[in-house]
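In this document, chain identifiers A, B, C and D correspond to the written order of the chains, with residue numbering beginning at 1 in each.
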Amino acid sequence: IKKIGVLTSGGDAPGMNAAVRAVVRASIYYGIEVYGIYRGYDGLINDKMEELHVRSVSNILSRGGTFLLSARSEAFRTKEGRAKAYENFKARELDALVVIGGDGSFTGADIFSQEYDVPVIGIPGTIDNDLAGTDYTIGFDTACNTAREAIDKIRDTASSHDRLFFIEVMGRDAGFIAVNSAIGGGAVAMIVPEHNWSIDQLIKRLRKGAANQKASNVVIIAEGCKLGNAYDVAAKVKEQLDYFDIRVTVLGHLQRGGSPTTMDRVLASRLGVAAVEGLRDGQSKVMVGVINNRITYTPIGEAIKTVKRLDDDEFRIAKILSI
Amino acid sequence: IKKIGVLTSGGDAPGMNAAVRAVVRASIYYGIEVYGIYRGYDGLINDKMEELHVRSVSNILSRGGTFLLSARSEAFRTKEGRAKAYENFKARELDALVVIGGDGSFTGADIFSQEYDVPVIGIPGTIDNDLAGTDYTIGFDTACNTAREAIDKIRDTASSHDRLFFIEVMGRDAGFIAVNSAIGGGAVAMIVPEHNWSIDQLIKRLRKGAANQKASNVVIIAEGCKLGNAYDVAAKVKEQLDYFDIRVTVLGHLQRGGSPTTMDRVLASRLGVAAVEGLRDGQSKVMVGVINNRITYTPIGEAIKTVKRLDDDEFRIAKILSI
Amino acid sequence: IKKIGVLTSGGDAPGMNAAVRAVVRASIYYGIEVYGIYRGYDGLINDKMEELHVRSVSNILSRGGTFLLSARSEAFRTKEGRAKAYENFKARELDALVVIGGDGSFTGADIFSQEYDVPVIGIPGTIDNDLAGTDYTIGFDTACNTAREAIDKIRDTASSHDRLFFIEVMGRDAGFIAVNSAIGGGAVAMIVPEHNWSIDQLIKRLRKGAANQKASNVVIIAEGCKLGNAYDVAAKVKEQLDYFDIRVTVLGHLQRGGSPTTMDRVLASRLGVAAVEGLRDGQSKVMVGVINNRITYTPIGEAIKTVKRLDDDEFRIAKILSI
Amino acid sequence: IKKIGVLTSGGDAPGMNAAVRAVVRASIYYGIEVYGIYRGYDGLINDKMEELHVRSVSNILSRGGTFLLSARSEAFRTKEGRAKAYENFKARELDALVVIGGDGSFTGADIFSQEYDVPVIGIPGTIDNDLAGTDYTIGFDTACNTAREAIDKIRDTASSHDRLFFIEVMGRDAGFIAVNSAIGGGAVAMIVPEHNWSIDQLIKRLRKGAANQKASNVVIIAEGCKLGNAYDVAAKVKEQLDYFDIRVTVLGHLQRGGSPTTMDRVLASRLGVAAVEGLRDGQSKVMVGVINNRITYTPIGEAIKTVKRLDDDEFRIAKILSI
């Protein structure tokens, strides 16, 4: 391994810059040249890349987003697109590819690696935490804190007016952000994709909270929940609970941004170094992760297909605390 | 003046607690008993109030919302409601009333004061900054910072994806939050209620920014703007500018919460003390404010009726910086 | 178990309030009466306690410090003090005690439990993360973020002036906060109690960084490091590296405060519930912790005596990234 | 005016980047070429400068510090240094100079402008707010918020332990940061350079607070105060008030960093534009400022020599609220 490329792909996540920085510095530490590829796989297809140096990644540790830019590449889903990508990969004399992204990006990496026998390693960068093979993905902790800080602010006004707020948080089909920001934000209830809560169950919980004169007046709705979005759920609740002044807030894309937390920076730093070390050790078609605080390499296919389960214990605890 | 009541009314704003604290401590400093009235005018009508002491307002300086709770009182708009309120006012032997809120609350205060010849003083507490008689209202600076921090976060992800974001901020019929968070957030354009920007003008600006490869990709929409809400404006732009990946975020109620900034705490502290001192000096039917850094007492009627103008200079500067 | 007492003891940590809240709500959920004891063991000795209800712990989830107050009790180290404490414990008809604190507090709990055969369970609440039996202590994540945010700010000014800053962080005899805030803050070097770095090694690293024109210009010093405090280390470096403009900042007690992070709130919530459930299951003289994301009960004696080791991997990574 | 240079000089302040950005964009808006000069006057002396474009100042609005770097130039205090600077100024065909900094930097600008008849305009960038000719300097609002946030955190732990903290804040010979962070942080007392408080007065205040069981347990010491630094004052208080557990924290350089607040960004944006417009209008040897929300040009000599007075009203209010 003498020369590698690194790209960020799919939805951006806080800490992607820290991961790129770690890949760059670890590469240089081990005497490997490293190229930054812009706009995800599109940059590989269009040959938009340049060599990165120690100084190229100065002052990016603390910044949200990704200075390599990111995209969901339609072209890379086609055989022609990947052929073009491989052409540039060869022409640039790259020996391996580091892909920082989520499951969509890893699916592409897996296919590319199989088609052209190219060493590829994935680093889990997504706020959704929906990848098996790692306890936490880069960006998840920051997103949980961003969402919870917003919930803290909304609680201020909710408490001042005895209002009930339905707050929609991100997470696609996974409830990780929802569960953590609900417990962290002291929500009275949460609706997540993984559980089949009915409107009736929700209303029962809200009635009980009201009976206890509970100050908490926030319900967290995960974006992928089966009951519909936050507006839908709020409307259904309103039909039956007319004594609440109900409001809805969809937190939206602010959850993707912001300076990464210490935990995300440390995680990104560890995974970035471990990705380079993995490539040096001959790893390929794997995702590097941290399980029980140990660096782990999981076959990409497995990381994508396995559904990561929500912690039941946290769900139980949220219920106990919502009395 | 031996005994006064203080209440918070209307939409809550960060710094209301700091204002109550200042009213309480200044009262005690001057040997005046002070009663906290809960849930705005409703608390006066329902006699929900209690004496406040130095310790009652410990540890509230840094908290968002209002521990006295707030509401928009329908009952107080009726003659019967105000009669009931006056009954309790008399029964509690209150000599004056301090009302912390916005123009709706002040209208009520003004009528009440005229009907029953009760000394009333208003403290401007609203994030919208839409009250004449003061350069800044309590909560405005915090809201500008909360909105701008959210914009900073959204810019991270917007920049990573070359996306164009339409972000709707609060402010009712006034563009103060919009202008300040647009300049502070480096927006490429803003639409405020006070100006008659057309969709065509907006599109021209966006085209120019795109031509300059401008990194800024955020448009601020004030909630009261005439072109419609952020979704409406985004849809109209999308019809003509199909090369942008356009997203919308409505910041919503998180702008009302949060620990107040230093400026809002200092402002609330000054106004709270000045309200008590004003009552001692015989002021009534006035709103206390700060103009050019001096404490000023403005007749409530004037404060409500006068429309506070946006600073044209700031508008001009936003345009120059958006190139 | 029908009635329990809960106290916070020793140095305070962000998330202690969240832990008390969880203990209170879990107790009530399981039909157990719960008493809050003020100022740590002193409150037990002086019988300063009162029953806590669901409403008693409303709105404390987001607050730093501990509303039960904390202290290091000299009296509890004496046989007489503990006898007095037991007297009140009996008189109040308490069945068990939950102690939230660090190793000093747990030592007291252990002795008390042995002397009087009282069920006691410990919850690890300390920013230092220096307790075996749990991967993380409550307050550690918040302290790491607070320290790192301060480092981010100092880097702004350090970078603007080509200055070298020595920043001292807390952690007593453990380097956990130092390592995490050094990696997270992009420090060029760190000195921790667990490693025997010499001044010469530090100077070598700084020379190398300077040769690489490294932007990073921050050295993290753990308070318990053997080379002395930040001022000592800076002075020794200055003797040999006169081309740096060297400054020192001791972050100090601000690291103990602040609203807890999501992770600390979730951890505190889980441990608080698990403490009550442990008592119901007959656990005693144990500390509840989370190891590999599972709730674990460790004998208090073991938790105190075992020295928790720094992760060598993180140390290695810090070195690689500091090039 | 066809070509101008811009530099940042002296101690850095949050918002300097925003000011440079505004100078650059306003210049380009008006068809003026603009050069960024690195490391303050040293860059002029050593000819370290380069042309700045719209894209050069993308993404710097939100960053602390100054990307142009800053320094206190010894060489510029000498006739030879200034001669060298003028040589480069001429060789580069610059028509005017914009200096962002504090009084030291302005003194240099004033002399240079007089010696070589060069149009120079100053923009007040210093956290200390100690310049006449403007109500606020760039960086002051951010520093007040940074200091106050640190105080909020320290209060958490102070309140949990009934401790008394002496916190030293920056401001050189001026008490502006101290007064605002004391009122905003709810301090029981403050010692500022402008007032002759004795230790006895301070102790009297603390005794009164203790008698009132005041929760506030923070005293703010301005760095330039006549009673000595925070350690000195704490030691003197300790001699007479032995019932307090007294601690000291010196906030230090973190007050200089951090992402600027909305107010600082808006102020920097206005002043940056106004500086360019001032040069176009023939202004020279002036500092641009904002007085009563209006752009004002004050002769540099006057801005430096006039001592800006602390607002007595704020001092009075701090006293009333500290009961």
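Throughout what follows, a residue touches a chain if its C-beta (ideal position, glycine included) is under 8 Å from a C-beta of that chain, and two chains touch if they have at least 3 such contacts.
In this text the structure is predicted, and so the values were computed from the model without any measurement.
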{"item": "Most remote chain, CA-based centroid, reference being chain A", "value": "D"}
{"item": "Between chain C and chain D, centroid-to-centroid distance (C-alpha), Å", "value": "35"}
{"item": "Chain centre separation in whole Å, for chain C relative to chain A (CA means)", "value": "28"}
{"item": "Centroid distance [mean C-alpha coordinates] between chain D and chain A, Å", "value": "39"}
{"item": "For chain C, residues contacting two or more additional chains", "value": "152, 155, 159"}
{"item": "Each pair of chains that touches, named by its two labels", "value": "A-B, A-C, B-D, C-D"}
{"item": "Complex contact set, residues of chain B against chain D", "value": "21-22, 25-26, 28-29, 54-55, 58-59, 61-62, 135, 141, 144-145, 147-148, 152, 155, 159, 180-181, 183-186, 212-216, 259, 261-263, 265-266, 269-270, 273, 292-293, 295, 311, 313-314, 317, 320-321, 323"}
{"item": "Chain A to chain B touching residues, read off their complex", "value": "8, 11-12, 14, 16, 63-66, 69-71, 146, 150, 152-162, 165, 247, 249-258"}
